[in-house]
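After this come two complexes, each holding subunit A, first together with subunit B and then together with subunit C.
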Partner chain A sequence: MTDQLTGGSSTGAVDSPAPSRPSDNAPAGAAGPSGRTGPLARRIGQSLSPLLWVGPAVALIAVVVLWPVVVMVHTSIQHISPDGFVLGSAGGGNYGDLFSEPALKGVLIRTVIWTVAVVVVTMVLSLAAAQLFNQRFPGRRVARWALIMPWAASVMMTALIFRWSLNASSGVINVFLRDVGLLHRLGTNQADWLGRPTAALVWMMGVAVFVSLPFSTYALLAGLQTIPAELYEAARVDGAGTWRIYRSITLPLLRPAIIVATLINVINVFNSFPIIWEMTRGGPGYSTSTTTPFMFILKQSYIGESAAMSVLNFGLVIVVVLLFLRLTRWKEQMG
Partner chain B sequence: MTAVTADTTPKRGADHHRRAAGPPRSTTRGRTILLAFAAYVIAMLFVLPYAEMVITALRPPRELNRPGYLPQHWNFSNFTTIWKTGFGGNLGASLKIAAGATVLVLLVSLPAGYYTARRRFRGRTLFLLLVLATQMFQPAAMLVGIQREFISFKLPSPVFSLILVNAGFNLAFAVWILNAYFSSIPAELEEAAMVDGTSRLGAMWRITFPLALPGIVTALIFTFIGAWNEFIVALTLTLGVSNTQTPLTVAINSYIGQYSVDWGHLFAGAVIATLPVIVLFAIIEKHVVSGLTAGSIK
Partner chain C sequence: MRRSLIGAAAVAAVGSLVLSGCGGSSGGGGGSSKGASGGAATLKLVVADYGTGPQNTSSKYWKGIISAFHTKNPSISVNVTAINWNDFDNQVQTLIQNHQYPDITEGDYFQNYAQEGLLYSAQDALSKPGNLLQAFKAQGSYKGTQYGMPFTTSSRTLFYNKKLFQQAGISSPPQTWADIKADAAKITKLGKVGYGLPLGPEEAQAETLLWFLGNNGGYQTSSGKWEINSPQNVQTMQFLQSLVKAGLTEPHPGTKNRTDLWQDFAAGKIGMINGSPALIPIMQKAGVLKTSDWASVSIPGKSGPLSTTLGVCDNVAAFKPNGHQAQIKKFLDFAYQDKYQLQFDKEYDLLPATTSAAKALSSDPIFAPFLKALPNARQYPSDTVWANVKSQLQHTVGTAITGNPKSVLDTLQQTAEKGA
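Entry: the complex of A and B
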């Protein structure tokens, strides 16, 4: 993996003049008939050519990803009618409304529990799954295809499948639980998992883990590929056992992959919307809402307050990510 | 180990060694059977929910509330009904959005990925950091901003807005993976072609792009699937659009009523929406590991 890094920089160092296109960058007079450009024109061409190659990507990111943040922050200090008309400035009014929202505290606490629980369980399970799917066995290809299904399918569809399977009177999960004796009767309150906030949250966290597993497992599988086989051989020659090898070689060398996968999971799970939206709509009340469904419900009538919630959510994500990078000493890890 | 060839080769070496010096063959065999069994069980668990989706779609409406693993009769009426009520229009909308976003990402990320792999220029690190940072921005978290911005653009159809949004949010992954693939292809190959009289662009087109094809295809399929499956922005930007013009994810949600859900038709739609992406994903499955390896190193 390191030679790929250095390989990258050495190829970059081979610096023939930038692919300057005289017709584009230089004044017509400077470009001779042979297409040669003067030193000044060439320098202009060189400093402009990154713009030509990378500029469209920057423009797309700016318009689609960055500008909405600006609009969002601006909206959060505006007074806006539910149908979207700006009625004037609201100052900090939207934030005042937001912080006096009685549901906010519960929503924030649930978001933290949701994120931590889902990410931790996902990472532990995918460490095991990556180890398993990295072994050679007949049919591994097909088994891996099965593993990617929740990654390929829309999270929304998966959430709907689970909502249907948990249906109190005919959901297949309840039918199964009855058949193995864990559920006494279909159609009872006990079978109505999604009607009880705590049970609903636990099931939804399960679905969140389910849809996060494929990516995490693949990220860790990718990490396992980068560990040189010689290390394992040397350890085995030294007489190390399986568990000892795992703890002293696999886990430390897997650290970068674990960090990246955890980070991406934290961001995704924190902002997760479709699971909760499709399975309980965040209700009853806001009792199963995390920040994103809460924000979405607010948006339907209080656009400014919803924007304030988005800004708060955004700030929290940045804090969490920075904290995470700090805790894992990301910089040292990645060089 | 380069991004292009990252495969299971190191593992094979380890296995070989273990077999040579390790426990007798029969133990290894028993272990393999046990591993395979565990993997199949897990694989089953991952497939079952989607099997239930297909089974429910094929259940006749009157059997929907009859508990049981399989229906007594199978029928396709859910599929024919949704097709007759204009599901084709939704499929078309999703195709336009996903294909549009994929083409746009290709046009924008190919030059960016290539250039950042081949040259050091001022702002290169900044650009790559910007691309990385967009990973932190999730459409769900900035919906208010996206909605207000795109309403003010007054584009003729939400399809255009959704192409732009999906392209923007899927660009980061495409740039990273392409950058990694291009970096792994020696620049000397292009230079050799240039010595033979090919132009730089010609060398890029005829030498580098074909070699990076697995990376390009992976990036494109990821973008396509991402745009195809996108839900929350589509739900927001297609408010007020006719039911037959919304993308699949939104159309499927229209079967959810305030008090009851039309599960049979919903899952028929879900099957139509899910099958193509599962097939696409299966095609690139073997490149996903190498793609992620490359992505996580940078």
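Entry: the complex of A and C
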């Protein structure tokens, strides 16, 4: 791939001087300066020409990604009224306010638990599901389509459906739990899952896993399908058992897919907002908030402090992603 | 290849962050067109939705007014957006923070907008501002000028389920906190919720104030001093705590919203709940409770029924930044006609906000008692920091039930004293 590309461009470089040669035969007066600047301009042009191709993408990233980051950081050091008027610089005041929020510590701890638990469970389940969907069985096509559903449906809708299903006095899940004898009575504290912070958090993690599963499963399924069948055949000929084959062939060859899927999941789950917002609004108090809903609640009254929370959030994601890449030594894997 | 991947990963990380950061403001519409004063223009009207479903959504009510208005004033068009109460404050606040100003809002109104100079005064936005109910003038005023124009009003009473009271062998409606506790205990024994206590984010500020009033407390003293963490208020929260601990309310009141609990009351699952006339159509729609199955009485206080109740008015605010004063005035004069006031009140069982419309209703058997209670009703603080206090209170006051009431109220008091 790389060889072909450089080959292509180098022949281009060799070719290009040829048509320009006639310019050397131009009248003497003009030949002097143009003869010297010509190649220089051309060289500059050549070195700039990739910019033509990369430029739009760079501009897009600058406008859509980098500029908002600049605005976010700038906002976080301004004193802004709840109606969006800038009242002057706040210096580090917003950060001071943020770090003295009594709820912040809990929010950060919860965010870590939320991200780690959801991603780990998602990946483990996805590995199993991908293996299953890679087998031949009647109805596989339908089953694969069905797997898309939680992914295709709006996350907000899914969250709302779960909230209603968990209604303490008449939710379907509670009615079912009562019918199988796990719940003594409807409308009790026990049935009010979303009212108890810990139970609410566990249920919301369940919903987060539910909506993250399809993507991870498809990513791993795609990875599984790239593993050549001959390898499995050879292993079987050598007398390797199923578990051994899985550990020594499937998992190592699946590693790039696992890394990419995990990374994208970490980012998504860390920033997850609609599930928590629709199911508990981060409450009671802030006891089921992760950093993103917490930032949103702050925004209603304290825009600057909310921006400071965004900056913190942003820093955390970058640190987590870099740590993750370092830990998985992805360079060696992906080369 | 390698480098591009780490780049891509970084871009993906940044991109998804930024996208999620923008999510909150996606509700904003485009800015409205600027027109010369008095000329053609399109007004952007943002209203709270009082309806219980698509068949009686508020945008239907407003569209009726708009089309009648447009026939008479073909050069002015009005676009209406109805937002449900749960999201109204948040979405309007976001529009304003992003400087995508509406021309008119109807729903909650905050003094901050007047403080920032964003609003036309009632004088500038209406031909007859004197027709607005005087009782609500102070609440909509900033430094002596009225900016918040009441559009609809309501007062709160205690609704109770007569059927459940009968089954539980209770002969008369509650008058004191002790009555509420005793009656709720009897109803709980029937397997129903004794008292519905909505302290979730939707409207915790109303339920909290109604209880504070019962113990001679409130958010502010009559001289405008904040008293959220006063000893009476702490005592009130302790009483609520005892109510919840005894299992006499729905589970975890700090996470339950008014709309959901009103639905539960309408479904016959709750014995008592504080409500406004707007609860009536919800009961009619649910079809479980007949008119003879429920009644409403003055809200019980610690030692007797409240002599004042919470009077709530939802306000119209007219925004300056788009420069549509003449058009706004034309439209508001049209919309404030008595027939539209009465249509609104009939549709949603709420009370009028103009003197002339109130007169027209003064002999109505359902509305008259509520109207009579309005003039001496207590109202929310008219203070610019109220927006901050309210939003924090909505999210945290429920934790006073499970945690330490004093410290929760202390934190709110600090926010109030810090100022806007």
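We take it that the second predicted complex is superposed on the first by the 278 of 335 C-alpha atoms of A that agree within 3 Å, B and C clash if a C-alpha of one lies under 4 Å from a C-alpha of the other, contacts with A are read in each partner's own complex, and residues count from 1 in each chain.
The definition used in the following text is that contacts are C-beta pairs under 8 Å (C-beta built on N, C-alpha and C of every residue); 3 or more make two chains touch, one makes a residue touch a chain.
Not measured: the values here are computed from a predicted model.
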item: Touched partner set for A:Val64, first subunit B, second subunit C, both or neither; value: both
item: A:Phe137 touches, of subunit B and subunit C: first, second, both or neither?; value: first
item: A:Gly223 touches, of subunit B and subunit C: first, second, both or neither?; value: first
item: First (subunit B), second (subunit C), both or neither touched by A:Pro252; value: neither
item: Partner chain in contact with A:Gly92 - subunit B first, subunit C second, else both or neither; value: neither
item: Partner chain(s) touched by A:Ala153 [first = subunit B, second = subunit C, both, neither]; value: first
item: Subunit B versus subunit C as contact partner of A:Ile264, first or second or both or neither; value: both
item: Which superposed partner A:Gly241 touches (first subunit B, second subunit C, both, neither); value: neither
item: Subunit B versus subunit C as contact partner of A:Gly283, first or second or both or neither; value: second
item: Where subunit A meets both subunit C and subunit B, residue numbers; value: 1, 61, 64-65, 68-69, 72, 84, 169, 264, 267-268, 271, 273, 292, 296, 299, 303, 310, 313-314, 317-318, 321
item: Residues of subunit A defined as touching subunit C within the complex; value: 1-2, 61, 64-66, 68-69, 72, 81-85, 102, 168-169, 185, 187-189, 191-192, 194-196, 263-264, 267-268, 271, 273, 280-287, 292, 296-297, 299-303, 310, 313-314, 317-318, 321, 325, 330-331, 334-335
item: Interfacial residue positions of subunit B with respect to subunit A in the complex; value: 1-3, 6-8, 10-15, 17-18, 21-22, 32, 35-36, 38-40, 42-44, 46-47, 49-50, 52-53, 56, 64-69, 104, 107-109, 111-112, 114-124, 127, 130-131, 134-138, 140-149, 151, 164-165, 167-169, 171-172, 175, 180, 183-184, 186-187, 191, 200-201, 225, 228-229, 231-232, 249, 252-253, 256, 261, 263, 266-267, 270, 273-274, 277-278, 280-282, 285, 288-294, 296-298
item: Of subunit A, residues touching subunit B in the complex; value: 1, 3-5, 7-9, 11-16, 18-19, 47, 49-50, 52-54, 56-58, 60-61, 63-65, 67-73, 75, 84, 129, 132-140, 142-158, 160-162, 164-165, 169-170, 172, 174-175, 186, 210, 214, 218-219, 221-229, 232-233, 236, 256-257, 260, 264, 267-268, 271-274, 277-278, 291-292, 295-296, 299, 303, 306-307, 310, 313-314, 317-318, 321
item: Touch list for subunit C against partner subunit A, complex; value: 1-2, 5-6, 9-18, 20-24, 89-90, 93, 96-99, 112-113, 116, 118, 191, 193, 200-201, 247, 250-252, 254-256, 264, 269, 387-388, 391-392, 395-396, 398-399, 402-403, 411, 420
